[in-house]
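Look for subunit A in each of the two complexes below; its partner is subunit B in the first and subunit C in the second.
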Partner chain A sequence: MTIIDLIIIIPILAAVAIGCGGSARVLALAAAWANLLLGLVVFVTLVAKGGDEMHFKSSWVLLHSPELTLGFAVDGMSGVLVLLTVIVTFCAVRVSSGDLGKGSGKLYYISLLLIAAGALGAFCATDLFFFYAFHELALIPTFLMIGIYGNGREKVATAWKITIYLGVGSLILLGGLIALYVSLSPPGAPTFDIAKLAPSPGEHPLSAEVQKWIFLPLLVGFGILVSLFPFHSWAAPAYAAAPTPVAMLHAGVLKKFGLYGMLRVAMPLLPEGFEAWKGLLLVLLLGNILYVGLVTISQRYLDRMIGNSSVMHMGYIFLGIACCNSIGWGGAVLMMFAHGISIALLFALCGSLRERLDTLEISRLGGLGGSMPFLAVTFGFAAFASIGLPGFANFASEITIFFAAFKDAGEMGILQVATILALWGVVISAVYMLRAYRSIFQGELIGERYPADLAQSMRLPVVLMIVILLLTGFFPNIILKLLPNLFEVL
Partner chain B sequence: MSIAFIILLLPLVAAASILLGIRKKANLSAYVSVASAGICFLLTLGLIRGSGGEAGAFTWLSVGGLELKIALEITGLTRGMILVVTLVGLLVHIFSLGYMRDDAGKARYFAGLSLFMFSMSGIVLADNFAMMFIFWELVGVSSYLLIGHWFQKNSAAEASKKAFLVNRIGDFGFMAGILLLWGATGEIGFSALRETLEVQTFDPSLLNWAMICIFCGAVGKSAQVPLHVWLPDAMEGPTPVSALIHAATMVAAGVFMLTKVTFLIIAAPVAASVIQHVGALTALLAALMATQQSDIKKILAYSTLSQLGYMVMAVGFAGFLHSGEAVGAVASNAGFFHLYTHAFFKALLFLGAGAVIYACHHEQDIWKMGGLIRLMPVTAITFLIGTAALAGLPPLSGFWSKDAVMAVTQNSTPLLIVGAITAFLTAFYMSRLCTIVFFGKARSQAAREAGEVPLMMRAPLVILALGAVIAGFEFAYGWFIAPADLPHPHGALPLVLTIIGVAGIVTGYLLHRGREKDPIRVEVLVRKFYIDEFYLFLVRVFQDGVAYLAKAVDQLLIDGLIVRGSARLTVGVGLLLRGLQGGNLQRHVFLFGVGIVIVIYLITIALG
Partner chain C sequence: MLPYYLEICVVVLGSLMLCMELFAGRRSRAKIAMVGVAGLGVIFALLMFAVCSPGEDLQYWGIYHFDKWAAFYKGLALISTLLVLVMAREFAPVFKHYTSQDEEKSGIGEFYCLPIFVCSGLMWMASAKDLVTIFVSLELVTMGFYVLVAFMRRNVGSLEAGVKYLILGALSTGFLVYGIAWTFGVSGTFNLEELSVVLAGDDIPSAPVMFAFALLIAGIGFKIAVVPFQIWVPDVYQGAAMPVTAYLSVASKAAGFIVFLRVVDPFLAAPSIREPAIYLMVFVTCATLIYGNLAAIAQKNIKRLLAYSSIAHAGFLLMALPALGAAGTIAGPGPESAISFYLAGYLLMTLLCFLVLTVVRVATNGEDLTALEGLGKRSPFLAFAMLVGVASLAGIPLTVGFFGKFFLFNIAIQNAMQNGLWIVVFLAVLGAATGFYYYFKIIRAMYWEGSVSEGEVTGLKVGRLAMLAIILLVVAVFFFGIFPAPLLGLTL
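Moving on, here comes the complex of A and B:
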């Protein structure tokens, strides 16, 4: 059993133990701590060994024909996402508050742990089937948490909405994956092993036309899961309704599954398929950046604004992916990491504001910086990270992606035009973030109540996330060292 | 670690240690910040004597063949600029010890100043566009923090937000320009680009576009028309901040950047022409607006805009074709020379204004002041020296640098005329300000009770006044620009300019002597050509309008039709979903999951 197997199984075991009557919060915290440490060990090992190859391989053959293997391994890209998952999981468990409505919070912590385990499994699976199944494992508790522990009167309706929405997305994706399995398996030896499905360089068994039509369901399926425009409208209401740790885990970690899938499965297996849809993807990602960006500006509630901002930033990651070079893909993975941490941080802070205030309507708040300085300062860090200020990893990833699009671009192609348009998003995101910040924390105090500052128990995770963003922003090579030649490797 | 790296990093260390450790001890925080500024200044003295060349590098980001470096480059102009930054920076730090003595957010203020020093040094020392852009943005954020220092005041909070956003619009262009250049040449280092442009030819329209985009960055940072609107509002910040950031250094960063890429301006004549005209327009419009303001800091802010316009115009002339040949680096040297002298006298004027405001219990309206020369002679006399330098009276520093700028404009008569009109207006509005504030009778109780400011604040004034007097002499600038590399005016230009300056001063004095309000009121100038109102209107119509429209589309079309529609379809058809009419959510979701697994299993087996 490798350390990766451990990382995946620890949260599952902890969930089982809670189900059997163990103390929910203690077990969840213990599992989160253990995973955080193990995740760091994995990361450091990968830094030492290099991220180009798969490490920590393990496999159990379940079926021989078709070949179905429960197997895990990590390379640089998976390693970064594993690190992201353990960090966000740790912080999400830490910020989970005592007031859980019904019962002892058993279901609550079990769900959190299963989401984490599902995400980790999906990021490390070497087998197409388990790649998909682990993601489903993570989605189900997400729906439950929103429906049961969510905020607002419409939580059940919202839970339904995303269940159907993401369910449809998953099924479309499934169709694409099955088509991949059928068409790419070596003759006579059907297999789900991603590595064995990958075409050998230079000779692709499928014609460009076939690739094109298999790529489409993958793009739409992954796209729905990542809230690619115009399939994005589930995201903001879901995050607003979700309990804080679930919003952190889903927006921060689980949503990266679709992007990871694009890089791990769709792009390497169907390179010509992507070429056919490149123009469409560029239009859609501009929809994320520009259209959703404007929608974000018009939001009246802080939680919805943050949710929409997360949707908007997905556009940049897709842009990195569309560059089809190692700079762009490295930048995309770095941005998955940076965005994952910063959005989790924003949701954590937004959650504590929700606990303290009667409303999150931006125009009805004001001047809170005076009475909650710690929260105001940390929110300021989060806001500036989110809008890509140098010093934070978000900036490093954005600039990498922009440079990637112009690599060897003597003339303006569609990619370059799209990138120039996408650049406008840095203005848009500054508008909504600073507007909200100015309205909520600055200016004269609105209302008579002086809400309390951030609780002590919240401070460790919040500071941890800020430190990580700064550390990887000052030294982005910490992450990028694992992803030097992603395009060539994949 | 080289001296230059220490100059760069020391203020960051100071800012971080205040934020992380000693922020509760306000005085200690202030001293740490002042000490770091002092050490940086001393190190700068060492640096500018040393030899040039590379000062060290650190690979900040590398992936897939892209390498972005934090690497320092020390050239002649860098030396001049780093001296301005650390010297004016140090004086402003010291002045702030007095000005911000009792401020509740003192530690935060000094941390902000140190952060600014770090960011500004980064711009000055950068050897490539990526690093410059990084610090370009950081300067923006430190300016944001300092303008919004009194963040509980609505106007300050609005002003800081506006400054940041307007700057971001400029940065958008800047980044686009950097990318265009990089795409075409594969280089982002200044010297590498210069060499590449020498040996290879590129599509001139691409270079023009790239240069125009890069210039957008300068338009934002140096507050040129049409992005000038943030600078007057930025006066909401504490006055020493206005002196350092919004007069001497940060707003000059745009001009500095343009002088660094002079070789590019020479290669892009269309862009050069755009630069000249934007600069000239800014110089003229801002000077017009300055004549009708009544807030002492706003007058100085418009004056800064106008002088920055001069500098930008001069730098733009580098690409101006004069009988077939570009005017070249002489022009950008003239712009930089004016930047250098302006830093001294404008910082002096702002700190002087700060002293006046401090003495008059935070009164900023000049029509409530008067007769202050008797009550605060040191402040008044140094302020008058600064005024004379700004008006371009010989032999003060402004005379020499304005001569250099105007000598460049002699290549193009229309711009020469614009420059001359601006020179007259400059002398006029400064004379108006001085006449009202320092002479005549006091117009309010606050002005009657004013007294001289403490030594901590007087000393920087005196030192800067000395700078304003001597900075234009060869011994004060010759070590970074050889006098031969500066343009020399033809004919009687210096004499004409002197007469224009004197005429402006006399007119301003005669018109405003003993008045209680402006004798001539031009509504359109008072209202700043209604540009702010126009922008507000634009923002409302486009930004908000589009945003609300987008939201409506979102809810109606995408959510309403596509999602709900397909959802209904699914619900109607699906066996899975039919059992969901009653019962609880948990069971349904569980069933849903089971269903998916079964489907996968069946398909797998069937296909296998």
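Moving on, here comes the complex of A and C:
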């Protein structure tokens, strides 16, 4: 049993222990701490050994035909996402309020731990089947969390929407993955092992036409899971309705599954399939950046605004993926990390605002900076990070992606045009974030109450996330240098 | 040991239980059920000894075959009957309410015996490779069910269900006999192996063969509840007693499917009618997928919901059929083993759901979704067990239901890539997505709905045996959902 197996199994065991009658919050915190430490160990090991190869391999063959292996391993890319997951999980468990009813508090923490375990399993699986299966593990916990503990009047409708939307997305994805493994397996030996499916460089067994049609369900399936325009409408309402830790985990971590799948499965295995749909993808991601960006500006509620901003930023990551070179993909992974942390931070702060205020309608708030200085300052950091101001990892990743689009570009192609249009997204981000910040925290205090500042228990996770964003912003190489290998496949 | 001793053992066990019932007087009948459970357990253990010759196909008198599938489906029949007896024992209070509080007059002892005789019919079906044998064994099963469905004689719903089942069952028998007659007329044989040889010939008139095929499908289609022969399902499932519904949806369907596979196989293998036969099957599959899934959405009664879900599952199972006869071109488990695996998984998850529902039914006297409200608070373990069963039915990964669906989708997609039958895949994806809705409705009822006040938070009473069965089934659903190999190995 390797350290990666431990990381995946600890949350599951903790969930089982809670179910069997253990103390929910204590066990969840213990699991989160353990995972955070183990995740750091994994990350440090990867830094020491380099991210080119798979480390901490483990595998149990479950079936021989088709070859099905319960196996886990990490390379640089999955290592970064594992780190992201353990950090966000830790913070999400920390910010969960402990005063839930006895019976239901159990369900709450069990769901949280299962969502985390599902994400970790999906990021580390070396087998296409379990890559898919672990992601689906989060479906029921999310449904229950939004339905039982959600906010707002629309929580029931929202819970159904996200469940069915993501259910359809994963089924389409499953169809694509089956077609993929059937077509790419070596003759007579069907296998789900991602490494064995990878075509040898230079000679791809499938024609461009076949690749094109297998790529489509993958793009649509992953696209739905990542809220690619026009499949994005589930995301913002769901994050607004979800309890804070679920919004943090879902927007911060789980959504990265689709992007990870693009980078791990779709792009390397079907390079020509991507070429066929590149134009379409560029149009769609501009839809994310520009259309959803404008939608974000027009939001009246803070939680919806943050949710939409998260949808918008997915466009940049897709842009990085579409660059098809190592700089762009490195930028995309860095942005997955940076966005994961910054959106979790925003949702954490938004959640504590929700606890203290009657409404999150931006125009009815004002002057809160006076009574909650700590929250105001940290929210400022989060907002700047989200806009992509220099010094934060978000800036480093965005700039990397924009540069990558122009690498080796002799003339203006569609990619370059799309990138120039996408640059306007930065302006859009600045507009809605700064407007919201000014309206909420500055100016005259609206209302008579002076809400309390951020609770002590929240401060550690919030500061932790800010420090990580700054650290990786000033030294993006910590992450980037783990990622060189992915891209030689093309 | 000769394999057909197993059926004899089951019949002897049933007769023994009937004798016990005869001499029990006014005493409790619960012991009879226990004898049945123990006896079936012993017979299941005997089956393990009979299996030990892999790859063999033993034949007796040309009408009784014993091969790996026969063994597999006999096992399914035994286990489901055993669990149904456990369920019936739990259900006894409701049962007495609708018959008589007096043990002797309630007839509950006979109620425990009947499934045993049905079980012998199911086991015989698994071994039948001859149209006459198929007919006789099928009727043995159906006769038993006529009585079982209508057993709660003071319940109008149960009586209505009994009448419906009787009339439509008789109709389907008519179709089946007519189909057998046409098949015999065309080919001159009842034996399925000889039939496939005859049908493979060139000088076979395709129109009468197709007619015979359609009639046979209609006859057997009633048993496995495929559209358009599903009309009886919702009412009968709703009206019958909970254990009978469970028995119908699991055992009757599994045995129906093995017969279906064996009957369809020679027709699909015949070159002259393979294509129209496949189109007929695809039509039936699509109709079943659409009808089962869409009709389930609006249901408020759990048994009715599970009835439609059972139709939908039949649709998923049928997806694999066009690949029959094209085995070898399919990566992964072939259609027969995928279907067998799915049915075994279906047994586990459906009986799990019905066991929990039986407990809930006895405690709350309700069969609507509202009866489940607050179960998450009242009995967290029961709610969890139901959650596992429902998640497995919906096909959530790491449960046995997902592997079942996965193998079937695997076959359907490869079929589509070879023959362009994408419509089936498309409808199956839609159907599975719809499934998320109506199965999650059950989850929602258990966890979100109903404000149970602190005083009411009392667990439901569960018998020890039923609790043990529930625990074992939960474990099995997870175990085979992560390690499918042991179960799949039996079907290969």
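In the analysis below, the second predicted complex is superposed on the first by the 483 of 490 C-alpha atoms of A that agree within 3 Å, B and C clash if a C-alpha of one lies under 4 Å from a C-alpha of the other, contacts with A are read in each partner's own complex, and residues count from 1 in each chain.
Following the convention adopted for this analysis, a residue touches a chain if its C-beta (ideal position, glycine included) is under 8 Å from a C-beta of that chain, and two chains touch if they have at least 3 such contacts.
Predicted model, so just to flag it, every value in this text is computed and none were measured.
Legend: residue contacts after superposition of the two complexes on their common chain; A:Ala179 is shown touching subunit C, with no touch to subunit B. Contacts of A:Thr163 after superposition: both subunit B and subunit C are touched. When both complexes are overlaid on chain A, the residue A:Gly19 reaches subunit C alone and has no touch with subunit B.
In the superposition on chain A, A:Ser233 contacts subunit B only, with no contact to subunit C.
Contacts of A:Leu70 after superposition: subunit C is touched, whereas subunit B is not reached. Of the two partner chains placed by superposition, A:Trp33 touches none, neither subunit B nor subunit C. Legend: residue contacts after superposition of the two complexes on their common chain; A:Leu62 is shown touching subunit C, with no touch to subunit B. Of the two partner chains placed around the shared chain by superposition, subunit B is the only one that A:Gln416 touches, whereas subunit C remains out of contact.
By the touch criterion stated above, A:Ile297 is placed in contact with subunit B alone, subunit C being left untouched. The contact surfaces that subunit B and subunit C form on subunit A in the two complexes overlap at residues 63, 65-66, 68, 129, 132-133, 136-137, 140, 143-144, 147-148, 156, 160, 163-164, 167-168, 171, 174, 178, 181-182, 190. Here subunit B touches subunit A in the complex through residues 59-66, 68, 130, 133-135, 137-138, 141, 148, 151-154, 157-158, 160-161, 164-165, 168-169, 171-172, 175-176, 179-180, 182-184, 186, 543-544, 546-548, 550-551, 554, 558-559, 562-563, 566-567, 570-571, 585-586, 588-590, 592-593, 596-597, 599-600, 603-604, 607-608, going by the rule given at the top.
The touching residues of subunit A, counted against subunit B in their complex, run 63, 65-66, 68, 129, 132-133, 136-137, 140, 143-144, 147-148, 156, 159-161, 163-165, 167-168, 170-171, 174, 178, 181-182, 190, 230, 233-234, 291, 294-295, 297-299, 325-331, 334, 367, 369-370, 384, 389-391, 395-396, 399-400, 402-410, 416, 419-420, 423-424, 426-427, 430-431, 434-435, 438, 441-445, 475-477, 480, 483-487.
Note for the complex: subunit C touches subunit A at residues 331-333, 376-377, 380, 384, 387, 391, 396-398, 402, 406, 409-410, 413-414, 417, 425, 429, 432-433, 436-437, 440, 443-444, 447-448, 457, 482-485, 488. Residues 19, 62-66, 68, 70, 103-104, 106-107, 129, 132-134, 136-137, 139-140, 143-144, 147-148, 156, 160, 163-164, 167-168, 171-172, 174-175, 178-179, 181-183, 185, 190 of subunit A are the ones touching subunit C in the complex.
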